[in-house]
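What follows is subunit A paired twice: with subunit B in the first complex and subunit C in the second.
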Partner chain A sequence: MKTNVRRIALKSEVLSLLLIVLLCIAFSIANPAFFHIINILDLLKVCSYPTIFACGVMIVLISGGLDMSFMWIGMFSAYSTSKMLSLLQVGQGIVMPLPVIFAISTCIGALLGSFNALLVSKFRLPVFIATLSSANIFMGVMFQFIGSEYIFPAQMPVRMIEFSKTLLFTTQSADGTPVGLHASVLVAAGVCLVVHFIMRYTLVGRSVYCIGGDEAAAERVGFSRTRTRLFIFMLAGAIAGLAGIVGVSNIQVANPYDFQNRELTVTAAVVIGGTRITGGSGSVIGVVLGVILTNIISQNLVLIGVQPEYSKFVFGILVLFAATVQGLQTKLRNRK
Partner chain B sequence: MKTTTKRLLRRIDRKTVQLLLLAVVLFVVMIILKGDKFLRAKNIESMLFQLVEPGLFAMCIGLAYLSKGIDLSVVTIANLVGVVNGIMLRTCLAPDGSNVGMLLALCVVIAVGVGLTCGIINAFFISNIGIFPILVTLGTQNLFMGIAMMLTQGRAEGNFPQPLMDFGNAMVGPIPLLTLLFLLLYALMCVVVHRTPYGRKLQWMGSNSKVTWYTGINNRRITYVTYILSGLLAALAGLVIMARTNSAKADYGSTYVFQALLTCVLAGISPLGGTGKYYNLILSIITIQITSTGFNLLRISPLIRDSIFGILLVLSIFIDYVSQTQRTRRLNRAAIRQLQQAGEKEAVE
Partner chain C sequence: MAEHILELRNISKAFSGNRVLNNVDLIIDPGEIVCLCGENGSGKSTLIKIISGVYTFDAGEVTINGRCYHRLSARQSIAEGIQVIYQDFSVFTNLSVAENIAMNYRVHNKKRFISDRFNRELARSALAQTGVDLPLDAMVEQLSVAEKQIVAISRAICQDVRLIIMDEPTTAITQKEIEKLFEIIRGLKRKGIAVMFVSHKLDEVMAICDRIVIIRNGVMVVDSQAQDFPREKLVFFMTGKEIEEEGFHYAGEETEAKPLLQVEGLSLAGAFTDVSFSVRPGEILAVTGQLGSGRTELAESLFGLRPATSGTIYIDGVETPIRSCRDALDNRIAYLPEDRLSEGLMLRRSLGDNFSSAVIDKLTNRLGLVSEKRVEELSVRWMTDLKMSPKHYTTLASDFSGGNQQRIVLGKWLASEPRIFVLNCPTVGVDVKSKSEIHAIIRDLAAQGLAIVLMSDDVGEIMASSNRVLIMQGGRVVFENDTEKVSESELNDRIIGAYREEAVK
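On to the complex of A and B.
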């Protein structure tokens, strides 16, 4: 019994869950509006595309590397897809269905991901350096050859705008505006389920953990390093492409600067969710909890009357706190 | 004669040669494309001015890299120094400016204090609690920026006293004073990294901290010294920013971190710790400065300018890769030849 409690307490996911519960209690005491259905649905919507991004980051992190390029992969795929389709729509009046739009962006993402794989497995670069430079290259290519201007809602592909307005399980709120679950939450949930399944129950998913845990051992067992890396980066790229298009649809404006400098926030969420930064360990559930945790904080500080200037400070404290608890957990585990 | 030159050449780091070549090639290309503007004294002077801040940040991150760590908080430390000093100057400066000298000395004291404190905070979380440096410094980056934001409410501090501006723009002959000081400091840091016990231990710890621990080296002390040095260098960069731009802002220069990370990688200092020569850093700082100024003169859009770091990096990595494979191929061939000769000898006997 006692060992069971201990084992559960040492799981990193439990920590995030505990923090979320504590924060929810604190926020709802400070402002009862926190538990209002609108606020919660809004939180889910805000979390949707960072969660998709985070799934991709998690895969690369489990394989033992820090991905710095996913935001630009997402932006590149989403921006080029929406630009292409908006040109088609304005020029020829062709309206693409939503699944096709998502598929195009996902494919572009996978292609860009394979470039990362090339750098990492052919040139034997550390993932961090490879993705840092490829992020810069993607950015430059996008600005030079595809464009750097905003695409406004009027020119955006119609189906994307429709997607951003789709609500599920709608009801009427008190003042007559419809309230419901945003469709992007469903996409995020789908991605999470698929990634969870792949990482948990397929051989190729297990090989990612294996490579992250010990690369030499993985090779001895018979996993091909090149092929696994290709799989990792293409999957991560595809997920980033999908996340990008969902994000752009949500905002309804394709702004090429939108995702700039947000890599580290998502990465922090993934790590807070219990993914080990040296690789070999991590779970989708933890990642989802991590994203929700960071977003609860950044979303609701204003709600309880904290000035926006303080949000950076609080975020920094949170990251340090979560990391500290994780560090202490590891120490305890090693002692045992 | 031939063998001595060969031996001498072998002692030179391969990365140094590559970077030198890259810098010279870029320099020549710029002269061919925009020689009249590029070689103008004013342009050279502004290049020398501009490389100080990124150079200092690259020095910070290079140190952290050698210890198998990273310091993402450097730019926010610099901004924090600027903001605290700005507030201090705004409130304490006498209307007639009589106490300027004392206040500027106080500025330096504050900078040292802030840099020291920030470095100690980073090192505490990294070595005493055992969190990964990237996570710690990501947290402290937000923390320090948050403190600067709270102090200023997001506004910029500015209008610093004239002597500070004069110091920032002073020239020693054709070279800006700040650049000269930067080069001196850089030389000092090179000596520290390459010629002191601390520097040796730093590189050993970076390549294998377990071994250094068993050897009886105090890893914790090395980590503390590294991050404190990094904090102090960042604080100096904060003073430089104050003197050069006449303002201080909580979120100034957010692209500097990425630029510094790339500068170090370009110089061959690996983030995986231990390998790389600190003295190559200046070459990669200069290379990047030449490229970015050149792009400016060629009127290539600033959006693309950001991607040059990536392109330069991949280029240098490609050169590295090719030369490495060539070398292994040559070694293999030599080994095969030796084996063959041995075989022939045996056959004759």
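On to the complex of A and C.
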């Protein structure tokens, strides 16, 4: 019994869960509206596309590398998809159904991801350097050849705008506005389930853990380094492409500068969620908790009237705290 | 039984014109335990890589289970039931025991979807064959070295394995664990599985192997039944030379010199307790004991890496606390770590960088900058003094063989002109010839008046290069005597005898 408690307490996901509970209590004292259904539904909507991004970041991080390009893959895929379809719609009056829109962006993402795989496998570059340079390449190509102007709601593909207004399980709130679960939350949940299944129950998913644990050993067992890397980066790229199009739909405007400088917030959430920064360990459940945790903080600090500068400070302290506790957990786990 | 598992005929291999293997023949039968010996660079690892399909061979043929191959891929080798257990075990420390054991099977039988239950059942039956009980859900990073080895063996026997090749399986585990390992191997032998050992420590392997194969400069020089093998000739067969060690005699016995290093009641919580000894200039004190006896921790305490929690250290009769490496260096204590690759040597840096690293602040020119000329002078001097094959001082340390790398680490510390030198297993993984040369260097240093503390688990090394010996067990000193007054077998028995007492408790 005691060993069971110990084992559970030392799981990295438990930390994030505990922090979430503590924060919820603290915020609900500071702000009685915290537990209001509108607040919670809003939180879920805000978390939706960062969660999708985070799943991709997690996969690369488990394989032992820090992906710096995912936000630009997401923006590149979403912006070029929106622009292309907006031209078709305005010029030819063709309205693409939503699944096709999502699929196009996802495929562009996978294609960009395979470029990362090429850099890492063929040129033997460290993931951090490879993705840092590819991020800039993607950005440059997009601004030069695809465009940099905003696409406003009036020109956006109709189905994307409809998607941004879709609420599920709706009821009426006190003042008569409809309240419900935003459709993007469902997409995020779907991605989480699929990624969880792949990483947990398929051989190729486990090979990512093997590569992250010991690359030489993985090759000796019979995994191909090149093929596994291609899988990792194409999947991560596809996920980023999907996250991008969901994000752009939610905002209803394709603003190519929108995701800029947000890499580290998502990466921090992934790490807080218990993904080991050195690779080899991490889970979707942890990542979801990490994203929720970071968003609770950034959202609610503003709500209870904390200056934005301070909320950055608190965020930094929290990342520090989570990383320290995680290190401590690993140490305790390895002590017999 | 009529069929051989493995038959190599006239295997040759060259790397960029250098012949590494020359017409090697080797036959392994079911249930046979073969020991493969050879110096570093003799070609034995190349031979293993050819059998496991990692390298292709230039000429000859390989027959496995009656099927003849002129090219052999890693996948074919595994499919024929050949498994290699590497020195580092190649296990995934971030995954569970069950998953590690099942991984090979799943990859090679193309099981694309995973069921935890299947993993656990496979792991349980493999572990049952080894007779060892391990927690299936534990992460491998939580296991001891010996337990990781069990995981690697279990993983190998999950497949339909016919030949297991083990690279240096006994270097990192204790005597007790070695016996356990041998028990497992005897069990495999009864099932008709053949085992090939690669080992430097022939004494241990003699207890279990049926046949001994020695390879030298790419040529097989011995292929003999174990009981017929003239043991004392091993060194000759491996090196092609008779190497005789002269032994060490301490000259200062009569003069009663004052101890240079004296340790009283030294303790480090959780590692060793109440250790006292003294070393005079010119003496070599050997400290031995099994893994976990506290000898490595003692060595690290003397160098300030893990400062002792209580007790006193006197240097030249003056009480000198050593709280950090800086303290140790200021008192001219040097330390040769056990693991030269990770702790002693900068592999990707040049010879000159390595030699100068401990004394870099002294090798300056008038402007206070590092003088390249003085670095070169220093390197040339130590290369000559340590009898290394001459190379330019900018050569990378990784380009040297194991024995020469150990000399680089020695030279790095000798450049700091130490008075006290603590050496932790200086000849582990070093071939026989370099070993005797390193011993000669150590004896020579003592003759120059250094006080030397030699941590070692090699009884031959202790006999040849020390005048006093100290045995540690469970963190305490349990035996101390002049080396001359102890025979090799007595010392062996005392180290293992200590282990038996522990087992009774």
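Following the convention adopted for this analysis, the second predicted complex is superposed on the first by the 336 of 336 C-alpha atoms of A that agree within 3 Å, B and C clash if a C-alpha of one lies under 4 Å from a C-alpha of the other, contacts with A are read in each partner's own complex, and residues count from 1 in each chain.
Please note the rule applied: contacts are C-beta pairs under 8 Å (C-beta built on N, C-alpha and C of every residue); 3 or more make two chains touch, one makes a residue touch a chain.
Quick caveat, the model's predicted, so the values are computed rather than measured.
When the two complexes are overlaid on their common chain A, residue A:315 makes contact with subunit B while staying clear of subunit C. By the touch criterion defined above, A:154 lies against neither subunit B nor subunit C after alignment on the C-alpha atoms of chain A. Between subunit B and subunit C, B contacts the larger number of subunit A residues. Applying the stated contact rule after C-alpha superposition, one finds that A:327 touches subunit B and leaves subunit C untouched. Applying the stated contact rule after C-alpha superposition, one finds that A:139 touches subunit B and leaves subunit C untouched. In the three-chain superposition model, subunit A touches subunit B and subunit C at no common residue.
On subunit A, the positions that touch subunit C within their shared complex are 200-204, 206, 209-210, 212-214, 216-218, 220-223, 276, 279-281, 333-334, 336. Those residues of subunit A that touch subunit B in the complex are listed here as 66, 119, 123-126, 128-129, 132-137, 139-141, 143-144, 148, 261, 264, 267-268, 271, 277-278, 307, 309-320, 323-324, 326-328, 330-331. Within the complex formed with subunit A, the residues of subunit C that make contact are 74-75, 78, 84, 86, 88, 90-95, 99, 103-104, 106-108, 110-115, 139, 141-142.
By the touch rule above, subunit B contacts subunit A in their complex via residues 72, 125, 129-132, 134-136, 138-147, 149-150, 153-154, 254, 258, 261-262, 265, 270-272, 301, 303-304, 306-311, 313-314, 317-318, 321.
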